[in-house]
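Listed below are the structures to be examined.
In the two complexes that follow, chain A is the common piece, with chain B as its partner first and chain C second.
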Partner chain A sequence: MTDIAIDAVSYRYRRNAEALHDVSFGAPSGAILGLLGSNGAGKTTLLQCCAGLRAPDSGRVRIGGADSGSRALIVSGVIGYVAEGVRLPAERTLGQLERWLAPLHRRWDTYLATSLRERFGLDASCRLATLSRGEYMKASLLCALAAQPRVLLMDEPFTGIDALSKDEILRAMVASAAANGTTVMIASHDIAEIESALSHTAILTAGRLRVAGALEQLRERYRRVTMVGDEDVLAAFAREQAWLEIERAGRIVSIVADGERTPFDHGMLHRRFDGADSITVEDLSLRDLFASVVRSARTAPSRAEAA
Partner chain B sequence: MSWWSQVRHVFTRDLRRTWMALGIYALMLCVAVARAVEWPPMMRDATVAVGVLVVLCAAIVVAVAVLADHPMRADAFWAIQPLHASAVATSKLVYVLLLLLLCGLAMLVTLSSWNLQPLDLGRANIGVFPVFALLLLGVAMVAAVCMDVTRVGVVVVAAIGIAFLIDMRLRESTAGTYWALALLLLLGSTVLFVQRYRDRRSSRMARGIVLGTGMVAMVFPVFAARIGPGDANDGSVPRHTLDEVALSLPVMAMPTCENGRLIVPLGVVAPLGWRIGLMKPSLDVTLDDGATVSLSAPGWMQLAGSQGPMLPTVRDRANVKVIGGDGDHSAQQIQIAFVVPAADSARTCGRIARLAMRLWVTTTTGTEVLRVPLQGQARAVAPGFRARVTAATLDDATVAITARVSMLSNEFAGQRHDLAALDFALLNHERGEMVRLSSPRSDAESSVSELPGLRHMASTLDLEPYISRMARLSGLQSWRDSAVLIVTLPVERGRGWRQVEAVVSR
Partner chain C sequence: MYHVTPMLPFPVVIQPGESPVKQVVFAASKAILAGVLRAGDPFPSVREMSEALKLHPNTVQKVVAELARDGFIVVRPGVGTVVTAGPRAPDPDRLRVLDDSVEQLVVEARRLGLGREELVSAVDASWVAVFGDARRTGTHDADLRVPRPSRRSGR
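Showing the complex of A and B:
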């Protein structure tokens, strides 16, 4: 069942360029989806559209089959939202905040809140204003997870947080998602850290969706193929094989190949380009895939012009 | 959680969150009440503008409460919690209501010190609360558009500046309040404020409308108090008919021409203590050949028909002898100069056969509002008035009284007055005698607004007898034990057009 369904969403800020253009993808129930993109790609805007904090200019977002417009799903407790910039009431203590939130959320789990607090090493009597950045984010996550939302949206939760804290937050998030079947959409620049937790990913550049899908499928689809050979073989390879990115240095050419458009089975490549001295096919890390997608998107206009 | 529970939930959290600011506000109100009731006595000499501080404190508290759950900020915590936007907005309005109620409580205590009846309290509160509510709602709306307290401060200061300019410009205008407009503005502001929470993404124009309405709401109290329909002087609807018998306006002598003006000497004869206002004089002159020329006086004029302090209409004795006065009636002669057009000048002057003058006349008499015994620092309170004799010296022929007097503004008197309009007299009830008192120094007068919309005036006055040049006072020593100080408020007795006709004989 699809928990998050984003269908042709576009959003434009006043007097600014289009923040989102015709973005469509989805995530099944229980998925942990990494929303990746460089700065200004539209990740935050998309998350806010999902939360109903912004209404898309066109298209729609459905969470658990219901329209997310006008905070309706936040009000009903379906969506939990954690964002780097959200200001917790600074003059309250964490314990006071928990007590204030508990009656608001139908599925608030006091036991879970206590255990998360202990796990994060937070003090209930400590005023929120005195918390460090990492502790602040942990407190935000605690508030979101203890409410047990069906869908948890997280916007840059790891900015400025040390590695250990990141690990704790990520573990807590994964454990909670596993226990409650929570679907998580997380926007982050810390690709390496979150990669192990993700089941799905979507990559945005300049408000447009470039790649989306299950991580395993994407790893199957995109691989790095490196070929060493003579000029004519390399030229044929670059011409015939679909690629996202290409790098060439002397007798070596390296591409991020798109296996969906032109398959890159190792044996088949050897048969087709038998003049090549060597052909190697490697798996891509999510970080490499992201970098290739972003660079590919940036060079796409110049490639189009050259063509 | 139900909608109402959410309102209560957010409201109680706001209370806990801002208890210190609320405490300061309550303290300010206490100081304001202490200043208004002049207890302890040292409070009356405090020079702190408590009224301004009360308003500023309330404005800051409201701004802080709204900014804590900002309707537009992307980082607002409430927005990511299962809270209805309208419940959050309503809780803020309830918060504003709490500030109003606290102020109302302070006002109740203050007004009680002026011995006001529940009806008067109601009248005063009806007048005050929409205005104060508008002011606070205006601040809330500005806070709902501005992103931080600094910007709110800038806009509020700008609004105060505009209010000050309007106040300066309209200072002389008739006072009153457009209640219908105030309530409409209140309703509109409330709807816009709630809508701000519901519609978190809005256009620049919508923000401009909210900001503009907020500023108007803040400026409105001054604006309304200055331009509203108050006492109209156009004479279209007389309150009372003019007393035709007691007032006499004879033409005293032949009119004379001088530098293009026709000067008519008019006598004003009225019972002692009456105050006469003559306005908008116009003159129809009939010449000896039967032709008529219409003339008017430049501008309008208001004249005192009777000199000195106004005599009170003493409630428990029909005939009181005024000692040191001029008799039963006062007479005064005035000259009204009418402009004669240059074309009519030659044929008008010297050929006048008949005059028909039309004047708008108002008569005012003194109504006793308060009497204070002279002995033992006595004090007395009447609805809207308070007086205390702080010192009294009565020698054989000398009277010197120092009195502390305070009065509320026009909401209770029915007419617009200030402390300077009050008159004083000393009544010896046993002997049936009265001495009019005047205050040679009025520099001690102060007009104070301790609580929003509730203005009162307080002054310490040195009173001495007002007697004619020929009169002498004696035997006042015996007055000490039986005399009372009577405070008199001028009340309009009648108004209307008055026709004065005269035949000129040569």
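Showing the complex of A and C:
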């Protein structure tokens, strides 16, 4: 079952360049999808389109089968949305806010709210106006998680959050995915920290989708292949193997290879380039994949687009 | 009454890059083989493991499936997951799984200027450190022994 289906979404801010161009991908139920991109790549705009806070110029987003613009989704608590700039009632306390939200959400979990408050180190009797930036973010996360939404959208939830609370947020997120099958889409620059919690990723550069899919498949598809050898074999290697990024130092060539376009089974590489002194194939971390995708999109947009 | 963060009976810190499934399977099987976890001990649930390791539940599910397939644990619906007496007798091809790691180790040893004997004794010392003295102890050792080539007929 597909919980988030983004179909050919484009969005343009008035008179500016397109913020999103023909973006399509999806996330199955229970997925935790990391939405990655440099600043200005379109992550926030896309999350707002998913939350129904912006209507795409063309294309559409469906959340659990319903159009994201439909009022019913946010009101009934199907979607949870956490971002900097989300306003909480300043003159109320966190406890008052919780009691106010509880009857509005069919699946509100009082026990979870209390337990998250403890884990985040928040005080129920504190006025929301007096919270620090990090505490404010934690309070809005608490409200989103306790409502147990089917789809949770998080835009840079770790801004201003200390390392310990970051751990607690990630734990609460995977526990919610494990217990309720919550689907999460999270935009964050802390790639290394969230990598293991993710099942899927989507990488945007300049409003375009470059890479999307299940992490496990991407891990199989993109790998770093390093070859040591003489000029002729290195040149043949660089010519024949499809790559995202290439680096070279003397007798060594290292590429981030795209295994879908030219497979890189280790034995086969050895047979095809038997003049090489050594060939190693390594797994890429998500951070490395992201960096390669962004750099390759900058230097050769057409090549990355074909990928 | 408040939330208690689950702790795992085997230590593992997930490094980015390498498949987390492989890393957790390695840590768990090492703990079982070394006797940190014994036959009959409860094995943590998917939810406990994903929370403790901040790991996606689907990833943990794969870890459990892999450990069960290799005979380290048994999943009993309704009861939970339990550690078994040890993996089933190794099939003769099992050693081939290690080929790549062994090759890497040999090359690395050579690069550092180590001799063959030095490497063999280092491997031996590491074995003793993890599993105890192989020649004297344990049921584990019997289970893990790789069959001699002579036991295989027709080759």
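Here is the rule we go by: the second predicted complex is superposed on the first by the 297 of 307 C-alpha atoms of A that agree within 3 Å, B and C clash if a C-alpha of one lies under 4 Å from a C-alpha of the other, contacts with A are read in each partner's own complex, and residues count from 1 in each chain.
Please note the rule applied: a residue touches a chain if its C-beta (ideal position, glycine included) is under 8 Å from a C-beta of that chain, and two chains touch if they have at least 3 such contacts.
All of these numbers come straight from a predicted model, not from anything done at the bench.
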(request) Once the two structures are overlaid on chain A, check if chain B and chain C clash or fit side by side. (result) fit
(message) Quick check on the superposed pair: does A:S29 touch chain B, chain C, both, or neither? Answer first, second, both or neither.
(response) neither
(message) With both complexes overlaid on chain A, does A:R219 touch chain B (first), chain C (second), both or neither?
(response) second
(request) Using centres of C-alpha atoms, tell me the angle at chain A that chain B and chain C span after the overlay, to the nearest 10°. (result) 150
(message) One more residue to check, A:S10. First (chain B), second (chain C), both or neither?
(response) neither
(message) By the touch definition at the top of the document, which applies to A:N180: first (chain B), second (chain C), both, or neither?
(response) neither
(message) Tell me the contact category for A:V86 with respect to chain B and chain C: first, second, both or neither.
(response) first
(request) In the overlay, answer first, second, both or neither for which of chain B and chain C A:S199 touches. (result) second
(request) Could you grab the smallest C-alpha gap between chain B and chain C in the overlay, to the nearest Å? (result) 26
(request) Please name which positions on chain A make contact with chain C in the complex. (result) 30, 32, 114-115, 118-119, 167, 170-171, 174-175, 177-179, 192, 195-199, 216, 219, 283-288
(request) Sort out for me which residues of chain A touch chain B in the complex. (result) 14, 48, 51, 53-55, 71, 74-77, 80-81, 83, 85-89, 91-92, 100-101, 103-106
(message) Applying the document's contact rule, which stretches of chain C touch chain A when the two form their complex?
(response) 2-3, 5, 14, 16-20, 46-47, 50-51, 53-60
(request) Note which residues of chain B are touching chain A in the complex, please. (result) 1, 5-6, 9, 13, 17, 68, 74-77, 79-85, 200-201, 203-204
